[in-house]
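One chain, subunit A, links the two complexes that follow: it is found with subunit B in the first and with subunit C in the second.
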Partner chain A sequence: MRHGVARFVIGFLALPVALYLFYVVWPFAQAAGYSLTDWGGYSDRQQFVGLENYVRLLSDELIRKAFWHNVFFLVTVPLFTIALALFLAFLLNVGGREDRAGIRGVLGSGVYKIIFFFPQVLSLVVVAVMWQQIYRADGQGLINGVLMKVGLVDRDNPIAFTNDPEPFLGVPAVLWWLLLIAVWSGAGFYMVLFSAAMQSIPKDVFEAAILDGAGRFHTFFRVTLPLLRDTVSVAWIYLGFIALDMYALVFVMTPSQGGPNHASEIFASVLNFTAFQKGQFGYACAMGVALAIFAILLAAAQLKITRRERIEY
Partner chain B sequence: MSTVTHDPGPVGPDLVPPARTTSARRSGSGGRRPGTQIFNGFSHLFLLVWAIMVVYPLIWVVMSALKSDAEVIRQPLSLLPETLRWENFGRAWTEGQLGDFFLNTVLVLAGSVTLTMLFGSMAAYVLARYDFPGNRLIYYMFLSGLTLPIYLAAVPLYKGVFNTGVFFPPLGPNKHLMLILVYVAWSLAFTVFFMHSFFRTLPNAIAEAGLIDGASHTRLFFSVMLPMAKPGLISIGIFNMLGQWNQWYLPTLLMQSVDGESKNQVIAQGLIDLSVNQGYKSDWSGLFAGVTMAMLPVLIVYIVFQRQVQSGLTAGVGK
Partner chain C sequence: MSATPDLNRRTLLRRAAAAGLLTIPAAGLLSACAGSEPAQEQSSDVEKSKDNPFGVQDGSSVKVVIFNGGLGDQWAKEDEAVFKAKHPNVTVNMSSTQKIKTEEQPKMATQPSDVVMNSGADIMDISTLVNEGAIEPLEDLLAAPAWDSEGTVADTLLPGTVNDGTYQGKFYVVNVAYTVWGNWYNAALFEKEGWQPPKTFDDFFALAPKIKAKGMAPYVYDAVHGYYPRWALMATIWKSAGKQAVIDIDNLKENAWKADGVLPALEVWEKLVKDKLLLPGQLDHTQSQQAWLDGKAAFIQLGTWLKNEMAETIPPGFEMRLSDYWSLGAGDKAPNDVYAGAGEGIVVPSKAPNKAAAKEFLRAVLSKEGSAKFAELTKSLASTRGSGDNVQDSALASANELMSNAPQDLVSVKFWNFYADLDKESQNLSAELMAGRLTAQQFVDGMQGAADKVAGDSSIKKQTRSA
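Up next, the complex of A and B:
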């Protein structure tokens, strides 16, 4: 019997693990190795340089810039997306009946949920190409066109959107415009997530709150929101990964993939530029390893901070 | 419930007899107080505004796809084309090569989604329900793939694929079979993670009964456990389908032409090429038609399966 189990386990794991090792783990391991060399990526010549690439990373102006842009997204993408998603979920659920059967949605909440989810299923590429047309810096763009018609924007001086490196609140305007797209495409999914979590709260919790004389606002902020804590923290981690990976948007939407004038440079864009345009592959690998370590530390920190005693219900 | 916000005990203007509570509950949203009605109006207004912000750009893209080029430039904002120019789609399909992109995408996804679900559930099942040395190690190895940035692996991955292609051409760059296997490998982390938690929740009793009845472990998996995991399989499967349909970085990296043969592009990759490289030469209506054709299938899949998508994803992330 034992023998049969071992054969079964190995048989089931062999192919998936082999594929995973070959196409995922091995490239990562190689990249970590290359990060200690000065390999250019095309020749076979490579020299071991130790931690030199990592030291260089610390004094690289472009990387520092990209790092702060990543931090900007890391803070703003989760913050705005979760705030908007919670607000929409609040309207969707608290606006409706909140009674002994728990929370139910407002009229048409099912339709709203389907619609709000649309951007989530669209490819980032489709979203980016679409927003490229919305953001066009002439009268043909959706936003500029509408604003010109209304007279809010001067015909000779349209909004430049992702071509605008001028700082707004200390951050290049192009980053804010990219942020808007990220929030637009993410809010619906997290709203559905929060709604589902709200509706899984058992009805007796609300019964008790109602009996204690809580109104709908009180119920939401004092009862519902604290019970959503777990879900919100998971959402925060997921959005953190998305914020680290804004590359598709930068790639399609910004001039020279990180421009104008490096105003929208992020880790991934610098990495790709360094590896494939400048041909400094070893150095690019060091960037990637640094990013990976940063991502893992961040996830661990977030888990640690947000983990609390779980409320069972 | 606005009518029950006060304790029925003390005498007050809002005192509500219990009998009324029930009837008010039955009567729906209970807009007895003007504040409630204003609030309900406000929430509907805001929800409507956001819904328009989501849908309007999509409709605008679809409608622009039906305009002539001149019209796209002259009247970019109008939602009603003068005449519906369906030929834009035909042009994008043939000259814009959308037809080829579609065929490649469908060929790749047919293999990759099936294999992802098969291999993913096999691995997840064994890891979730059998105890053996190295179990945790393999599980965490899969899990770590969720956090690592894909760009890091780009060049070694390309090199690996290139070198494999030298020995065994169907697994080289620009080959469908290669892309299928790469998609499977890169989807395993996500799939194993979610199917693992799914197989954990299945009751032990049925598995034991099956074994006592003399089923082999393999048979137990395919004819008992897999059917029981069907809801999970469907929602994770849909997710892999959407994710792989939308994947752009891996194909851009790996479906490059070697020796001058034409690229077997998939849809997302093709669209990026069209928009970034301006391969359309200001054929705006054609670009809009391409975007429309890329987004309609996923929207339709989503609308048909929206219940499974929403419940599956939220169950996966929420728990």
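Up next, the complex of A and C:
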């Protein structure tokens, strides 16, 4: 590289890199530093305590509970979101009738695309507030109201939704109701992502499959899915991060931010309580660092498992 | 490119870094812990006088942050005018928000505002502030001459106000609103139906079938925020088991939750739930309050901010009246003690740059003129004497009446301000009890277990109360 070019490149990169270092990397480093102290968060006094906070983390019952709730989301959010997004993308792009015009999506797929993508335009908090009305636990709630009119729900015993800690398949009901919102709000974006990937698959591949007598089922599982492998893998990692967070939904939707009675406690809600209510910032920082390490390991493992030779077309 | 591009770039970076200090870094959960360098405190060498007991400097400025919740923020603007009348050359920078903790906590260790109203759902934990030395003791404010009446500031306060703001033996928090809690009902409806507002749970259980016969639920509560039903539970415990029992609970005394009278106080609530006297559905505070206003339920328990909070949707002809929490009956230790106290706390951060002006501002808030405006605007009593004397309002009048018939002791509970863990646990268990998922016995056992855990945790600083 000529000298002038290097200078030019550095000139352009210096500011963004500096901003990134200052606003992202530096706070992370600070948090890691604080995680080794007993800082309370409201003063400038702190004592170095070594790895004590991390040792404490291992025996914290609430954190263990929160961890398993995060694992629940980690498994279910990507699974259901990707499955739904793939299904919709397939229908919208190649699921329709085959005729002289070739392969295309179901009737009105353009309209559906906009409708399904819509939740992505809304902020998660707006989504949560809207769902509060849908989930409202009396006759004025959208779901309860309709079901009561139809007679499927007893007027004296409405569905409690996010206020319901009773286990369903071994997991508190409140988590399933939150999952529904997460999947609903996430599926649209991944549908668009998969649609784009599907459109880059040459039509002749599908036509060849159809000529060979493959139905929709086989086209999807034998042709589409293998060719989307890279995109699905990336989506899986993104959704994994979203599942590790889930904070906005828990914060807005559940009683006492993680309730009822700790039934929807997640890493972020315990962290928030520990830092801001209990005033144990050092310990809370240790939680944050542990979560960050966990997320990085997860992404690394994911990329390692799904790495494969790419198919060129 | 110029001859000294690096210098320019460095200047630019330095500016970017400086701009960064002014904003809160928002890089996710981890960065919540980031801090920065402390600001310099303005020194005060102004002579102190009766009209300026803290030596406020002319030309200085004071930054005031008001919580803009159920009480609004107009009253604070009136206080600003009161303050400016005595100190025209001091600049008041007032802002209001609902995100107290989000906005103020990151600044507490370094460059806080001078006056912070620490209230609402997004509140900074008061014990943590005290333990960390982050807020200023305000004994000198209590001893200072009152703004516009005889005696000291302390003399002008309603009973309980100093006690409610005292932590570890020192006065830290100026609670500006005086709240009376109890059971609310629609007096117009009760008169029409010939119903007598109950005094005891037995009265209530006798009245309940008549209310149900009118197609109304006897009782509605906030099922989302555990601290709402907790007021009622603790008031019943106080009335049944007496003041000392609650003091023991607050002081984490061994087996305090197993004392005589505590379990029966919770069993009446268990019965209320089991007998299906609650409005079906798990409503939050405003939803339940609206359901009560809509006549779906006869009683709701709350503090005196109710009227102001629901002002826009009170139906015509609806006459809000406050009655005391119900007692259990003959065996009660303190059946007539009223749940009242000062709330909506204002604090002065220890690192505030202009503490003198901050205290002077609080003196103005507690003035006769300011308090009267407060009561007029918020329909709530201020924590100074006589603030509601000239306000015409039936809800406020019923609260006044309740207070005038109250004996000297006021129901007050401290443990949820002392210990964040117990706060959370008691909210959770209160909600569970009211949802019918816990029995009274399980509630008592759960709270005792949580209290023992806090008592045995050496990382939690202990606090005590004596009165």
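Here is the rule we use: the second predicted complex is superposed on the first by the 288 of 313 C-alpha atoms of A that agree within 3 Å, B and C clash if a C-alpha of one lies under 4 Å from a C-alpha of the other, contacts with A are read in each partner's own complex, and residues count from 1 in each chain.
Note that in this section a residue touches a chain if its C-beta (ideal position, glycine included) is under 8 Å from a C-beta of that chain, and two chains touch if they have at least 3 such contacts.
In this text the structure is predicted, and so the values were computed from the model without any measurement.
J.: Considering only touches as defined above, state whether A:Phe241 meets subunit B (first), subunit C (second), both or neither.
T.: After superposing on A, A:Phe241 lies in contact with subunit B but is clear of subunit C.
J.: Could you tell me if A:Ala160 is touching subunit B, subunit C, both of them or neither one (first, second, both, neither)?
T.: second
J.: Report for A:Pro255: first if it touches subunit B alone, second if subunit C alone, otherwise both or neither.
T.: Only subunit C is touched by A:Pro255; subunit B is not.
J.: Residues of subunit A touched by subunit B versus by subunit C: which partner has the larger set?
T.: If we count touched residues of subunit A for both partners, the winner is B.
J.: Scan A:Lys203 for contacts with subunit B and subunit C and give back first, second, both or neither.
T.: The answer is neither, since A:Lys203 touches no partner chain.
J.: Once the shared chain is lined up, is A:Ala275 touching subunit B (first), subunit C (second), both, or neither of them?
T.: both
J.: Report for A:Arg64: first if it touches subunit B alone, second if subunit C alone, otherwise both or neither.
T.: Neither partner.
J.: Output check: A:Val5 vs subunit B and subunit C. Expected answer is one of first, second, both, neither. What do you get?
T.: The answer is first: A:Val5 touches subunit B but not subunit C.
J.: After the superposition on A, what does A:Arg222 contact: first (subunit B), second (subunit C), both or neither?
T.: Touch status of A:Arg222: no partner.
J.: So, A:Arg45: does it touch subunit B (first), subunit C (second), both, or neither?
T.: Only subunit C is touched by A:Arg45; subunit B is not.
J.: Name the residues of subunit A shared by its contacts with subunit B and its contacts with subunit C.
T.: Shared contact residues on subunit A: 11, 15, 19, 22-24, 26-28, 30-31, 34, 41, 139-140, 247, 268, 271-272, 275, 281, 284-285, 288-289, 291-292.
J.: Tell me, which parts of subunit C touch subunit A in their complex?
T.: Against subunit A, the touching part of subunit C is residues 1, 5, 9, 12-13, 16-17, 20, 25, 27, 29-35, 38, 101, 105, 108-110, 124-125, 127-129, 131-134, 223-226, 276, 279-283, 287, 291, 420-421, 423-424, 427-429, 431-432, 435, 437, 459.
J.: In their complex, what parts of subunit B are in touch with subunit A?
T.: Interface residues on subunit B, with respect to subunit A: 1-2, 4-7, 25, 28-30, 39-40, 42-44, 46-47, 50-51, 53-55, 57-58, 60-61, 64, 72-73, 76-77, 119-120, 122-123, 125-127, 130, 132, 138, 141-142, 144-149, 151-157, 159-160, 181-182, 184-186, 188-189, 192, 216-218, 221, 242, 245-246, 248-249, 268, 271-272, 275-276, 287-288, 291, 294-295, 298-299, 301-303, 306, 309-311, 313-315, 317-318.
J.: Looking at the complex, which residues from subunit A come into contact with subunit C?
T.: Result: residues 7, 11, 14-15, 18-19, 22-24, 26-28, 30-31, 34, 38-45, 136-140, 144, 155-158, 160, 163, 165, 247, 255-256, 259-262, 268, 271-273, 275-281, 284-285, 288-289, 291-292 of subunit A touch subunit C.
J.: Looking at the complex, which residues from subunit A come into contact with subunit B?
T.: My answer: residues 4-6, 8-9, 11-13, 15-17, 19-20, 22-28, 30-31, 34, 41, 88, 91-92, 94-100, 106-107, 112-119, 121-126, 128-134, 139-142, 145-146, 149, 184, 187-189, 192-193, 196-197, 200, 210-216, 230-231, 234-235, 238, 241, 244-245, 247-248, 251-252, 267-268, 271-272, 275, 281, 284-285, 288-289, 291-292, 295-296, 299.
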